[in-house]
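The two complexes that follow have chain A in common; it is paired with chain B in the first and with chain C in the second.
For the complex of A and B:
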């Protein structure tokens, strides 16, 4: 179903079960945070894992989604689903412009252009009057879903965040396993050959880029409603680095890797927080260990061990 | 020099077209490409007649591959014009050239390594049908191409390798897969860049036989180092040295040309 193999279908079942059980075991707000980052990482993975594009500025799209959702929910009183959708569109529009500029270059240059553009977004967010500068946009109301169901309660918010995550996750998977996804993989594998078959590879890359930035915006928007705040952290380049770490740790080009990576990285930040700066050091060590010892990432290695694609 | 002469008894005139009326499918005028001060391709006038196999030969660095890159627009020309099938393609993007039916191969075998042989061929079929932007549909809609893809794979002797990852195929089979993928586009003209380079004898024979079979209704321009392949297969041969054409004609004519012997045959083939 949906292009999942039997093993993947089982893994998906486990994931859904975990999403349902998790808030009973762990602090729901923490799980929501994991889900937001998992969607963000999955969106990022669409580019690096399936098209072979390394975007070093994905925080810009996550952040803009966060700001747009926060601003429209607070100032226009939009319902949460509309505010989040606008957040996603914000990410998509920005992605269209940035992608259009960056896709003209390849490899490292592509990464550097996305990084530079994302830094511009960061400084824009520091200076612009409506982003609240250092304070960010605070006390964002969660509002009422479809104008009816209040999301003030954490569990109510949780089911919405879980639904958004699962929908986004399934949609990204569909993109990978679509006729379009086949061309994406062809571009990743051998771009000149794809061109020689008559594919206008730049348009495929741009569409994939926009899908990814749309999802990043959705993830950022959801996050801002969960925490009731949109801040500079969301657009900071360390956020771009974090999503790279999550995806790499979980497994590039794997289905479930980004989710696992998001869980591990967010979990470390949360539960190692008492150790202060040591979190960063630990992350660095894990990153090095990952690159040296298990390059395929957690799910990549697990999949290789079980001889299935996870 | 090998004594293979199966085509040598065919009537051939000096570079003017065998029957005088053959249509020119690909033509270049003063095609030039300079890298800084180095002129890799210098004022090449090439005429390829429809339905023929045309070889581009010459010593290393003669500009053969650069020529291919210029013809398929993978590299812009510094000067000169290219016409294909009655159209000026000098300013087109590479994907557009491919869509007109001028499809190239590459020197290093060009497959999609982590996709199966079937998926490789399907990618070419899928492009022609134009639903490749559908990111919301299941890839199962691509199943309609499976039968045709299998037939193409069978055609090049890959019937037993349909579901094998391209990366795991032996080298000669990879080239066969590449040709199957190119054929899936049903191109008017194929540019083959050293189709037999680095192959064992059996593989060379297999590819030569394959090219002989697929030539029907097509034009082929190939860069080739193996002269016995050229001799047996090609109708017209253009010899490039240092970016310029030094001779053109059938194998017998070209191999007698003193400039060619000096520049190429004398040193390369002994």
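For the complex of A and C:
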């Protein structure tokens, strides 16, 4: 079903059960943060894991989603579902433009171009009037879902965030296992051959890029409602680095890896926060360790151990 | 004082000078990136961190050992070069058989570790580094005051870029290097120790970054974040210039510095983004970069 094998279906069941149980065990706001980053990382993984494109500037789309949702929820009083949807659209529109530009170059150049474009967005957000500069957009109201259900309560917000995460996660998985996804993987394995088979690889890359940036925008928008704030941190370059780290640690091109990676990295930041710059050092060490010795990531290794694709 | 386009001349030329200084740093850094990329096929994300380390080594030499700016200008690139050899031998060399993207991720991790450690040790507020006495002060050129140190930085950066170009294009070592970039297996068959050449290339590239770091120390405060602020802009410079030609990197670096300086005069709000805008225009018109050969 939905392209899941039996083992993957069971893993998905475990994931859903964990999402339901988690707020009873852990602080709900923390779990919501993990879910937002997990969706963000899953969106990023769609590109690096399945098309082979390393976007080193994904914070731009996450951040724009965050700003658009926060601004429309606060200034237009939009209901949360509409504000988040607009955040996703903001990410997608920006992704369409950036993808169209960056796809002109391949490999390392693609990574450098996305990074540079994202830095441009960051500087734009520092200057632009509607982002509130260093202060960001604060006190964003969570509003009422469909204009009816208030999300002021953390648990109410939690179920909405969980639903958004699961829907996005399933959709991304569906994309990977569709005929479209097969072409994506063909491009990753051998682009000239995909071209010679008659596929317009640039169009496929661009569509995958837009889907990914839409989901990144949704994740950013949800995050801004959960915390009631959208700031420069969301568009900053280090956020791009974090999402790369989450995906790499969890396992590039695995289904559940980005979720596990998001949990580990977010948890680590929480516990190491009092130690200042040691967070950066630890992240760097994990990067190096993953690249040198642990390229399949947590879920990749686990999958290899159990002989299933996770 | 006369004025040009309604801008007082000292302001205009002052900003162009600042632009040239930044341009010199862009040129030195993108030159190192291009040399390393040519030989190792990796984008050295740690380049900014090593630039920062170059400045810090100069600061430490002065404050711990009393070694002055002039010796630091030689010693710091040497020390960072040796550090580069250690990095290349210990970790980077393990990646040559893998997808090039792993090199980017690994050096990004290295940059995080280095910057994090320096931030722990020195904080992020920045440490002052005095301009050496001979180069302090300013001269009146008639149309502007030229702080001597700034003029010195522009000239030295240009001379070092030119020297690098001469070494690579006109010497025997350079021709071996270019041959090894084209076809390492063949060059190895001629009895050249290619792995050692690769290590030395990495060392040379990062030594250029460290040299730029020492030059930058008296201008900017010596600060653990000084490299990461630069490196992304340098990536844009590399995309604009293309990594095919040495002279291309140098011209692009200086040229973009001037463009940035002029933007600060005429439309300051855009001065942080102008290089990225230029990158977009270049991508639209010449996707391979101004001096690039292949797409």
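Worth a mention:
Simple rule for what comes next: the second predicted complex is superposed on the first by the 310 of 310 C-alpha atoms of A that agree within 3 Å, B and C clash if a C-alpha of one lies under 4 Å from a C-alpha of the other, contacts with A are read in each partner's own complex, and residues count from 1 in each chain.
The rule we apply is simple: a residue touches a chain if its C-beta (ideal position, glycine included) is under 8 Å from a C-beta of that chain, and two chains touch if they have at least 3 such contacts.
Given the structure is predicted, the values throughout are model-derived calculations rather than measurements.
In the overlay built on the shared chain, the residue A:237 is in contact with chain C alone; chain B does not reach it. Once the two complexes are laid over each other on the shared chain, residue contacts for A:288 go to chain C alone; chain B is not touched.
When the two complexes are overlaid on their common chain A, residue A:151 makes contact with neither chain B nor chain C. Within the superposed three-chain model, A:196 lies in touch with chain B and out of touch with chain C [touch as defined at top].
In the superposition on chain A, A:12 contacts neither chain B nor chain C.
Touched residues of chain A, counted separately for chain B and chain C, are more numerous for C.
In the superposed pair of complexes, A:259 makes contact with neither chain B nor chain C. Of the two partner chains placed by superposition, only chain C is touched by A:278; chain B is not. Contacts of A:109 after superposition on the shared chain: chain C is touched, whereas chain B is not. In the superposed pair of complexes, A:181 makes contact with chain B only, with no contact to chain C. Of all residues in chain C, those touching chain A in their complex are 37, 42-43, 91, 94-95, 98, 100-102, 104-106, 108-117, 119-120, 228, 232-233, 235-236, 238-239, 269, 272-273, 276-277, 279-280, 283-284, 287, 295. Those residues of chain B that touch chain A in the complex are listed here as 72, 74, 93-96, 98-99, 103-106, 110-115, 119, 122-124, 126-128, 131-142, 181, 185. On chain A, the positions that touch chain B within their shared complex are 2-3, 174-175, 177-183, 185-186, 189-190, 192-201, 203-204, 207, 211. Within the complex formed with chain C, the residues of chain A that make contact are 48, 54, 56, 101-102, 104-109, 111-113, 115-117, 119-120, 123-124, 126-127, 237, 241, 244, 248, 276-288, 290-292, 295.
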